Amino acid sequence: MATGEPLIVLDGVNKWFGPLHVLDDVSLSVGKGEVVVVIGPSGSGKSTLCRTINRLEPITSGTITFDGQPLPAEGKALAKLRSEVGMVFQSFNLFAHKTILENVTLGPVKVRKEKASVARERGLALLDRVGIANQADKFPAQLSGGQQQRAAIARALAMQPKAMLFDEPTSALDPEMVGEVLDVMTSLAGEGMTMVVVTHEMGFARHAANRVIFMADGQLVEDAPPSQFFANPRSERARDFLSKILTH
Amino acid sequence: MNVLIDKFDVFAGGFWLTLQICVLAAIGALILGAVVAVLRISPVPPLRAVGTGYVNVFRNMPLTVVMFFAAFGLPALGSNADFLRVPGLDAIFSRLGTDLPYFRFALIALVLYTAAFVCEALRSGVNAVPAGQAEAARSLGLTFGQNLRYVVLPQSWKASVVPLGSVIIAMIKNSALIGFFGVVGDLSQTADQLTSAEGYAFVPVAIGISIGYLIMTVPLGALLDRLEKRQAVAR
Amino acid sequence: MSQQTSVLYDVPGPRQRRITLISSIVATVVLAVGAYFLIYQPLDDKGQFSMELWGPLVDPANENFPLVWDRIGTGLKNTLIAAALAIVASLVVGTLLAVLRIQLKSLTRRRFTGLATPVAYLLRGLSLTLSAVTRVCVEVFRGLPVVITIFFVARGFPEFGISFDTLWYLVIGLTVYNAVVIAEILRSGMEGLPGGQAEAAAAIGLSPLQTTRMILLPQAFRIMLPALISQLVVVLKDTSLGFIISYEETLNIGKQIIGVLGNPIQVYVVIGVLFIVVNYSLSKLAQYVQRQLSQGRKSTGVPAQTPPAALASQSEATGQGV
Amino acid sequence: DEGTGAGSKSFPAGSTMEKLNKAQKIKVGTKFDQPGFGQKGLSGKPEGFDVEVAKIIVKELGIPEDKIEYVETPSKVREDVIVNGTVDLVAATYTINDKRKERIAFAGPYYEAGQNILVKKDDTTITGPDSFKDGTKKVCSVTGSTPAEEIKKYVKDVATQVVLFDTYDKCRDALKGGQVDAVTTDNVILLGFIAKDEASFKLAGDNFTKEPYGIGVKKEDTDFRTFINDTLEKAFADGSWKKAWDDTAGKFGAELGTAPTVNRY
Amino acid sequence: MATGEPLIVLDGVNKWFGPLHVLDDVSLSVGKGEVVVVIGPSGSGKSTLCRTINRLEPITSGTITFDGQPLPAEGKALAKLRSEVGMVFQSFNLFAHKTILENVTLGPVKVRKEKASVARERGLALLDRVGIANQADKFPAQLSGGQQQRAAIARALAMQPKAMLFDEPTSALDPEMVGEVLDVMTSLAGEGMTMVVVTHEMGFARHAANRVIFMADGQLVEDAPPSQFFANPRSERARDFLSKILTH
């Protein structure tokens, strides 16, 4: 988990939704191979932060660079950037009309113009890696939530991204399925993937993250290694939040 | 284009008659549709069957056939639909100084046909109320009637407004058929009369008639769109 | 039905079941008596059940029976031809229109960075204009009665020196209206899809057009399939408007038969039944497809995969063709 | 003269006759709902006097009967279909008048009908058009028709006395239902109604107009008009005209009278 | 937390949904003042069990008695029973067209025929108790999930029920709101309310429950005090389930 040169850099990023200041002067740098977990109360802007990084959400001011390049605004260049940043959503968002394998190979074939047979082979290997190779020909609706989310991870990995963004990947899951998804994510982290993970799973944050970022009201309030953050949060708000999350 | 000015009173008269018929038919269809909806969700199987049968028959038959049925069937049943000869309405039915049953038959057909869709709109409103609402009401100990009155209907009514509006818009458009069916003087028959019989140029007449219908349908549609968006946000 | 009843009613207990049974019997008796005195008797008094009137329609031994059914067959064939052509044309045009509108909408939001400023402004202006024009067309054609559209087509085309068979007037008239309706069904189907689908597509680098074509449209088609089938019912019913332009569909032929045999009630009963059977089957098919779709969807993380309530109702309401 | 092949007749080059004969098919506009003149029967083919007259003309063009395509032409579209070329000729109880001659041309007449009045069998108060002058009786006709215009001359108050529908069926129903007191149009149409329901209806008095029925063709097509006129005269002479009548409208008991003189304007 | 005489008794209860055997010969007795937590994998029949107790779901065979009386089948008697058993749903089910206070007073006024002013006063007191007195005149949609669920609890309490049923009351909530609802439930348990709670919150089960019941495939597999259940589950299935839920 070496933290190399910066891959994702946000500098003075502001985002308004109408009158709502959702990201308030956020600066952040994520190094290559680093795993950053973002936590914070609901509505604090975690998802928005995550989504600005592949420009699913354009920002109001500030700059974001990815791998040294500022994010392109639209068109082909933007599509290319997005294909280099994998994204995993809370609600899986698998393409409901395509099989799991088709979900995984669509990007490589249509965006990367890979040959179908090559994409298929790699897709199967990825499905195998996340433990659902035997589900390749089913439709998303036929899978459990945990399986769907693992398929979604495989779909993102199929584009061979330089970084992966996870927006609450386990919070739509039945409790007994959370573990299987976290396992995949942990192994990914172990292999040196750069990851930004919004999650409420404190166990994952403790074990797999290099840094924990705490957000509140659109501000980046704290940024510390997990051991330090959990043992001794500096801000009042973080302490309060942790007490709510961890007591029960 | 002169025809639009020369015959403005004809267009206006057509618009006015169409509007009157639409208002009457809407009132009739809303009442009948509500009755059918009650039948359709009643717990008594034969009544439910009547409601369901009604909807299936009238929803799947062309309005044209319903109109012909009204025109031939009602007299065969021994009725000239005289029950509609209410003082206020007579003026509309005997518009040309002639009291002909076709006006009433056409109106009845429009009501019968539209009521099936009104019923479905009302029912879709009831279905739109999440089951959890009724369950919560029941688990508080509310009886069936109380549940309906305090929880389900107030909410289903809101959910029905937009579909009901669509039904009424469709009804306004369907009313155009009566002009081809024997009712003289509404917008659609005006179109036919001016172009076929009186030989006015087609394009301006078409524009005039279109405006007549669009005045009724487009604003109503826009209103519904807004209502729908508002509801979507509120949900 | 059962699902909707369970919202309103508790599972009945023994007393409730008894009450239901008694009311059922009473209702049946009242309905039967009413039907006898208010419908059967007046009709019978007028001889409407005589074999003279019904024979040509129901008695194979009647000399006119084969002729009459041959005519009705012709009418049905013509009805189906017109409906099939209209629905295919409407689907094609409607799909194109829906994609066009969605694309225009995303174009109007685009800034065209990287192009010279005047070009960028020109492109933005163009896309805004086109977007407005399609919008107006949709509103106008959706707001006009389809009878009027058909009438206008049949009257207007020859006015400009273009003349076809009446079949084509009918098909064009129906297509103008239904294409717009289908376009709206598909468009709202696409817009009603969970935003995550388009976002996921964008996130793997698909372009907006690719997203529409490969992700949104196929799903909109599937989700809207019931609504589309209902629209088929509308088209089928609307073909009966062919009579105003002398197209020989079922109803028009029925009128000709009545002209010869003088049995309007009987002929309209037969035609009504034919329409009901065909359209009822189609509606059932729509419901079946709807159930299949919502069953398949039960456990996806993708929420709201059934058509949005307003749309379902729209399809019900637009089921109100003529 | 059984010759019906394309080659067996010769027509002036470039004429409509030659064109039709070459094509070996023809579109004839007629009514589909007019008993005795043009009504589509259970066979799916229109039957009636108009149809028979059209057949005589078509035969003379050297085209077999089964190559005729009949197009339904209700009263209000008759000029349009001729002008637009939807049909080659119209035989559809088509009264020759000057207003129509502005847009199209007529061959014939081949029959002289007249406007008459249909009343209920037991009605003795209406004896002719003058019975409407006192302003009490209501009379029904079809929008855009000649009879509708004609009867307006006899009534006291058009607005209350004249009722117009889109088809004569509705007028008949209105008469039967008592909403109007009379129906007026050409005698032959009324005869069709009487034939169907002798118990209910009768004619009130004699024809009070002359309604010469002609064959409608394109306005500028004088050759074709002359050809049809020749054909009609031939048919008057050789008895095929009389036979056509006897097989169709004649069955309703109406008089054919003597052959009219064709009007070669 | 004295466990007195039995209040809710299920005896040999079976429930089929068509071919699906959802409750398989379930017998269970809940004493007055007892707090019973039901856990188990998704689809094991927990919700169904809960709903049979106030007959939202009729049973196929077996008997259920409440306070010594078999559950009435219909009519007034059933409504009365239900008014004595409070129910709290996963998705709150507050009446969307009524304010919070109206939600709380509807039952007392319409079912119990209390005077509006009395019901209102008690309603406000209850809202105060669950900590949302200041939200009384808002509509449900204007409240956060945690606030809505607390309102739903107040609504149930307004009927002065003899027992309360909770069906996953916190699983639709954002993590930082879980605590506030559990706090209300814990204090309710402390006051001696008889409660049946379906939940995945193991903390609550540990601290507030008298007994934990583990269900799988419609069967009641284990029934033990929490200390014993968590320390040493007897069945293989319970062990497996706990390992999935507790590791991360």
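Each chain carries a letter (A, B, C, D and E) given by its place in the written order, and its residues are counted from 1.
Going forward, a contact is a pair of C-beta atoms (placed from the backbone, for glycine too) under 8 Å apart; a residue touches a chain by one contact, two chains touch by 3 or more.
Quick caveat, the model's predicted, so the values are computed rather than measured.
Taking the definition of touch as given, a chain qualifies here only if it contacts chain D and chain E alike; those chains are B, C. Each step here moves to a touching chain, and the least such steps from chain A to chain D number 2.
Of all chain pairs, the one joined by the greatest number of contacting C-beta pairs is B-C. Think of the whole protein's Cα atoms as having one middle point; the chain whose own Cα middle lies nearest to it is C.
The mean-CA centres of chain A and chain E are about 36 angstrom from one another, to the nearest whole unit.
Centre-to-centre spacing of chain A and chain C amounts to 44 Å, using the average Cα coordinate of each chain.
The distance from the centre of chain B to the centre of chain E, each centre being the mean of the chain's C-alpha atoms, comes to 47 Å. The distance from the centre of chain C to the centre of chain D, with each centre set as the mean of the Cα atoms, comes to 40 Å.
Each of residues 77 in chain D touches at least two other chains. For chain B, the set of residues that touch two or more other chains comprises 138, 180, 192, 196.
Contact between chains, as defined at the top, is found for A-C, A-E, B-C, B-D, B-E, C-D, C-E. Listing the residues of chain E that touch chain B in their complex gives 54, 56, 76, 79-87, 89, 91, 93-97, 106-107, 110-111, 141, 152, 155-156, 159. Within the complex formed with chain D, the residues of chain B that make contact are 71, 75, 80, 96-102, 180, 182, 184, 189, 192-193, 196-198.
The residues of chain E lying in touch with chain C in their complex are 58, 72-75, 78. Contacts from chain D toward chain B in the complex involve residues 76-77, 138, 143-144, 159-161, 163-167, 170, 173-174, 177, 179-180.
Across the complex, chain A meets chain E through its residues 41-42, 171, 174-179, 182, 200-201, 203-204, 241, 244-245, 247-248.
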